[in-house]
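Each chain gets a letter, A, B, C and D, in the order it is written, and its residues are counted from 1.
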Amino acid sequence: MKSSFGQSVNITITGESHGQALVAVLSGLTPGIEIDNEYIRKCLSQRAPVGEISTPRKEADEFEILSGVFNGKTTGTPITVLIRNTNTKSKDYNEMALVARPGHADFTAESKYHGFQDFRGGGHFSGRITSSLVAAGSIARLALKKKGIEIGTHVAKCAGVADRDFENVNEDIKSLNDTYFAVLDSAQGEKMQAEILKARENGDSVGGVLETAVVGLPAGLGEPWFDSMESVISHLLFSIPGVKGVEFGTGFGLCDMFGSEVNGSLRVEGGKITPVKDLSGGINGGITNGDVLKFRCAVRPTPTIFKEQDTVNMKSFENTTLSAKGRHDPAIVHRVRAVVDAAVAIVLCDMLAQRFGTDWALEQCG
Amino acid sequence: MKSSFGQSVNITITGESHGQALVAVLSGLTPGIEIDNEYIRKCLSQRAPVGEISTPRKEADEFEILSGVFNGKTTGTPITVLIRNTNTKSKDYNEMALVARPGHADFTAESKYHGFQDFRGGGHFSGRITSSLVAAGSIARLALKKKGIEIGTHVAKCAGVADRDFENVNEDIKSLNDTYFAVLDSAQGEKMQAEILKARENGDSVGGVLETAVVGLPAGLGEPWFDSMESVISHLLFSIPGVKGVEFGTGFGLCDMFGSEVNGSLRVEGGKITPVKDLSGGINGGITNGDVLKFRCAVRPTPTIFKEQDTVNMKSFENTTLSAKGRHDPAIVHRVRAVVDAAVAIVLCDMLAQRFGTDWALEQCG
Amino acid sequence: MKSSFGQSVNITITGESHGQALVAVLSGLTPGIEIDNEYIRKCLSQRAPVGEISTPRKEADEFEILSGVFNGKTTGTPITVLIRNTNTKSKDYNEMALVARPGHADFTAESKYHGFQDFRGGGHFSGRITSSLVAAGSIARLALKKKGIEIGTHVAKCAGVADRDFENVNEDIKSLNDTYFAVLDSAQGEKMQAEILKARENGDSVGGVLETAVVGLPAGLGEPWFDSMESVISHLLFSIPGVKGVEFGTGFGLCDMFGSEVNGSLRVEGGKITPVKDLSGGINGGITNGDVLKFRCAVRPTPTIFKEQDTVNMKSFENTTLSAKGRHDPAIVHRVRAVVDAAVAIVLCDMLAQRFGTDWALEQCG
Amino acid sequence: MKSSFGQSVNITITGESHGQALVAVLSGLTPGIEIDNEYIRKCLSQRAPVGEISTPRKEADEFEILSGVFNGKTTGTPITVLIRNTNTKSKDYNEMALVARPGHADFTAESKYHGFQDFRGGGHFSGRITSSLVAAGSIARLALKKKGIEIGTHVAKCAGVADRDFENVNEDIKSLNDTYFAVLDSAQGEKMQAEILKARENGDSVGGVLETAVVGLPAGLGEPWFDSMESVISHLLFSIPGVKGVEFGTGFGLCDMFGSEVNGSLRVEGGKITPVKDLSGGINGGITNGDVLKFRCAVRPTPTIFKEQDTVNMKSFENTTLSAKGRHDPAIVHRVRAVVDAAVAIVLCDMLAQRFGTDWALEQCG
């Protein structure tokens, strides 16, 4: 029943879509990390809705850091980020309060909270909640940058359109972090957006696949049982609304290959042991091997659609139909990208702190 | 750095492939659950190697329950299961101690444990460790059975050969729990085994996909943040050696569909709200919806193969080659099936205990 | 490195004495608990400084509930309480930044945070931080009240003056919850306050002992290992600034008695087994026995005093002396009382939720 | 409901007084710590009953290390210690199964486990369970010794007789670790033992106070909230059967002193800041200050006595009387001493690992 995750570095998030505010608490981060407000804003803007492919609800996402930062640097004590909700149209949700949206958390929330949940805009289940996570995660990323660790995520597939694969990972990551619809091949990105618009016109929604690469990680992070790197990363990813699949390296594709193809080899390069063409995403036995960390996650089509659907009235227990009203995204995969970046940053800070201690971002690691 | 997982119901496992013994501690289970030793043995035998498609190392897997059971029933205090290793041929591993197997944990263990790890047979990273998890999980399954909750897993794909999908889930689960190479279509199972043998002849290995269904779960289990049902299930699954992907419901396949296809609908049936044709695997917003829980996991080809591979000597830091010696599995997917059943049972007991309290398996729940 | 505590019900607190704000997150509380803002304000005022025996710094302690409450009731999702700092005079602390106060956390914070900590007013180590804990705890107390569980704490001793013991516990608790300097014998309370004033005049400070009683708890809460009721209560109490001792029942006094005196007896009363004259504070073997829960905690004299003390300059590494400036309490024991009430309320909600499930405050328990 | 404690270093214990065996799992300890079996045996013998002042039940306490040690050194993966029960006379407990011992856990266990608990010899609530904790703790102490950290505990008071205070702490600790009835003044120890025998003759029991000192700890361990050093130490101490009070430094005695007396001073000594005459037990603001860590715990008189006591039959719900039969200790304080040493060692390893990372015992810390 905790709303927290992590051991040495820990994240807590709270809030509802149409509530007062969203709060994130990030604790255990190394003291002395310089806060870059521009960077936090940039990360938040990559989660924000853009253009016609997103909900018309635009939130300023003005954040306030309430604690844990002093003279522009982290203190080592818990960092609190506050983002107020400003643009809420709760009356759109009056009808939907009792009529559950199929595929959404309306019915499961009712099962768990007996009708006391804040149903407006999905309440605590809304993707809106992820904005404070992104703010906290961007601070974690500032710590990682001090150790040369960089994260980049692209929309590998959306509405049936595929982006190109990572090639020069370092440069690809750099380019992704300057884009708002994150693709490596911008022509493919255009096609994806066209498909999203088409879905919107049909009152429908589409999903996609995100692929993430992390460079600069040392070998030796993670546990054999039960906190493998895959375990802790997937734990956090699967709590992001809409994520329904996670795979590392070639993932499900490995199942159609032979061991000899998957294993790759190990080579000594520059006095260091390095995996070559290992398809397991930079993790063997649950522990990082020093290679690029790579994973993908599947983001389902948003459940709230304008098309009429069969559903029930949760109070009267009668069958009925629903066409969503209000402001909704025909796709969220391109926005979830910023949440994945933030989530993995927090997990990595935690694993580094567990391995190297509280001061890992100040001292030599790996 | 914990070797434990779970909050209200908690699992700890220890041991090494060629060490003295494997131990599992299962704590927090409802008192009064009758222990069925035959059932535990059956679950263990489903993890054991069978015939020519497995390693020739056969372990008796005689288990001893050291604590937590009194007069044949669980006491409510921690249950300890001990399984001694009896059939170890450690000398096979002498050469491999310093020469890392590509794709295996040899190199990452060295990075983390500085050469102090028990390298024999993969040590603490070996699949052998999962036998105590299976024993503990089978006790958890006995508790679930009291509430009508049943779990079944089949090899949905292996070496390119696909099993049929779940049809009548209740009956399919029952039939799976009586098989040792768990498929729904036995003809496809024969083909899979033929492919495994072919890989073995080539000194190679193959992987596969496992699909699991759980019936009888109430709606309302799981948390919005950060302990979604997907999060906690995937956390445990990804710590099983070889698992590289996890997806719920249609998973990655959802990304090529429209929201209107994925959502399904909600209907009132028998005075109860029920999801119909919802493709999200029985979980919406991280919380069970009362539908069949469904997920798949990808199991990579076993890394230890007899084919020659390029690798390094971790002491001399020289490039070399390696052809594995000893006794190894050309595929483990059919054995991992028993581990997945056990793991999900433990997670479900934990989520039920968090939701309904310690005595959930004694009283009315849901 | 977490700033959180608790399993099924969990508390997180953040903030600094002179920072922007104090935040508490209380998660896992049963949905449907009615919020009583007057009650929260009353609890906060019992922590607030009063009259001449306290610091002249007066904070409005206006709280804002940012999440987790909808239509005046808890939703079951995390509750966030925000209290802004308004009356900070940080310049008083300029000198003290580098010159460590003996007995305070100035030097230990420097050892841990390398000078990045917010030193103003004790920063994250200040008793000020406890205000959000009190707000959160008062909401937990509202849940307990629904089950007939009431908590009361009195200043059992202060500056050598002793209060009378609990007599009629139910009535004593009621009377304590209406007082601001909580004693059972008001004449003794007057004497205590006179001693506090005398200490203040000498530029010195005094400590005291708090004694707490809880009525209405069912038997059967707590764990044999490692979450005994004593363990979890003391864990939270010892994180309150100034607490240096915790004892249950007759505590240290038990050591001078015989087993036959300590044990008391068990009797059947009204069809229920009831402990009689058991001196162990309502807990046997780590588990509540249904008797009144009783414990005491020792609160040390406040370390910040106006008397000159020998100390060091942490930057120049030179010996020096310090006479505190600014606004400080000559005693905090009477204010800590509200923090103890809050802390034990949160722990009890957690133990009840672990035992009886999420909905414990809605349904029949015990 | 966990039977585990600790974050980076974690302990799990299981077993019952008359069950098959006792098991401890210690995970997260730095790899490469040399195992000294003689030392483990010595620590176990300090917990074992001695002479006429203890129960006549003598257990060999032969331990077997089942995992986590390879070539005589810790591997970094979980260490499992097994101790078989060999000398159990369960029939002594037949009468006591239903007739609850006042002051003992018999009734509270019944409340929690509904009669399914193993009642023989106190089952999971027995002090016998602590033997595996002592074995695990002695391994933790071997790691601490590598960093010059030493722990010593003496019986500061027993049956009204007081030992002398610590004087030369380093030498006192050394002398304590070679004794079985741990006092600093052996003449006082003789008097204590005489009092214990007298109590035994009266069919009664006595308690005592243990005082512990730890030398060699660096400043900077512990958290402001909620894992203060006092919090985590007391959490583990209060789960030891019989512990009813814990105080740090002068503890409850601080309440009768002035701040100016308690604070002591800070001085620069040898280029290092050092607390002088600080009475808070080596901890300020929850964080170690580099001074000797000092705490005391109160151990109640053993509840199982031969004197007749009023009690109830838990099945028939009738009042009755009980005179204990079987083999019982008239005092346990001198045996608990070994458990306290073990418990604090485990907590300190955890706090060091959290602060300095997994390899803290290999590298320079503090």
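The rule is simple: contacts are C-beta pairs under 8 Å (C-beta built on N, C-alpha and C of every residue); 3 or more make two chains touch, one makes a residue touch a chain.
Everything numeric here is computed off the predicted structure, so don't read it as measured data.
Identification of common neighbours of subunit A and subunit D yields B, C.
Two chain pairs are in question, B-C and B-D; the one with more C-beta pairs in contact is B-D. Separating the CA-averaged centres of subunit B and subunit D is a span of 37 Å.
In whole angstrom, the spacing between the mean C-alpha positions of subunit A and subunit B is 26. Our note on geometry: subunit B versus subunit C, Cα centroid distance of 44 Å, whole angstroms.
Contact of a single residue of subunit D with at least two other chains is seen at positions 1-4, 7-8, 13, 77, 112, 124, 224, 353-355, 358.
Every residue of subunit A that touches subunit C in the complex is listed here, in rising order: 1-4, 6-10, 12-16, 19-23, 25, 27-28, 31-32, 64-68, 70, 73-80, 82, 112-114, 116-118, 123-124, 353, 358-359, 362. Of all the residues in subunit B, the ones that touch subunit A in their complex are 1-5, 11, 13, 100-105, 107-109, 111-112, 124-125, 129, 157-160, 199, 202, 204-209, 218-220, 222-228, 230-232, 234-236, 238-239, 241, 243-252, 254-260, 262-268, 271, 273, 275-276, 278, 280-281, 283-290, 298-305, 307, 309-312, 314, 317-319, 333, 354-355. Contact residues of subunit B toward subunit C in the complex are 7-8, 77, 224, 353-358, 360.
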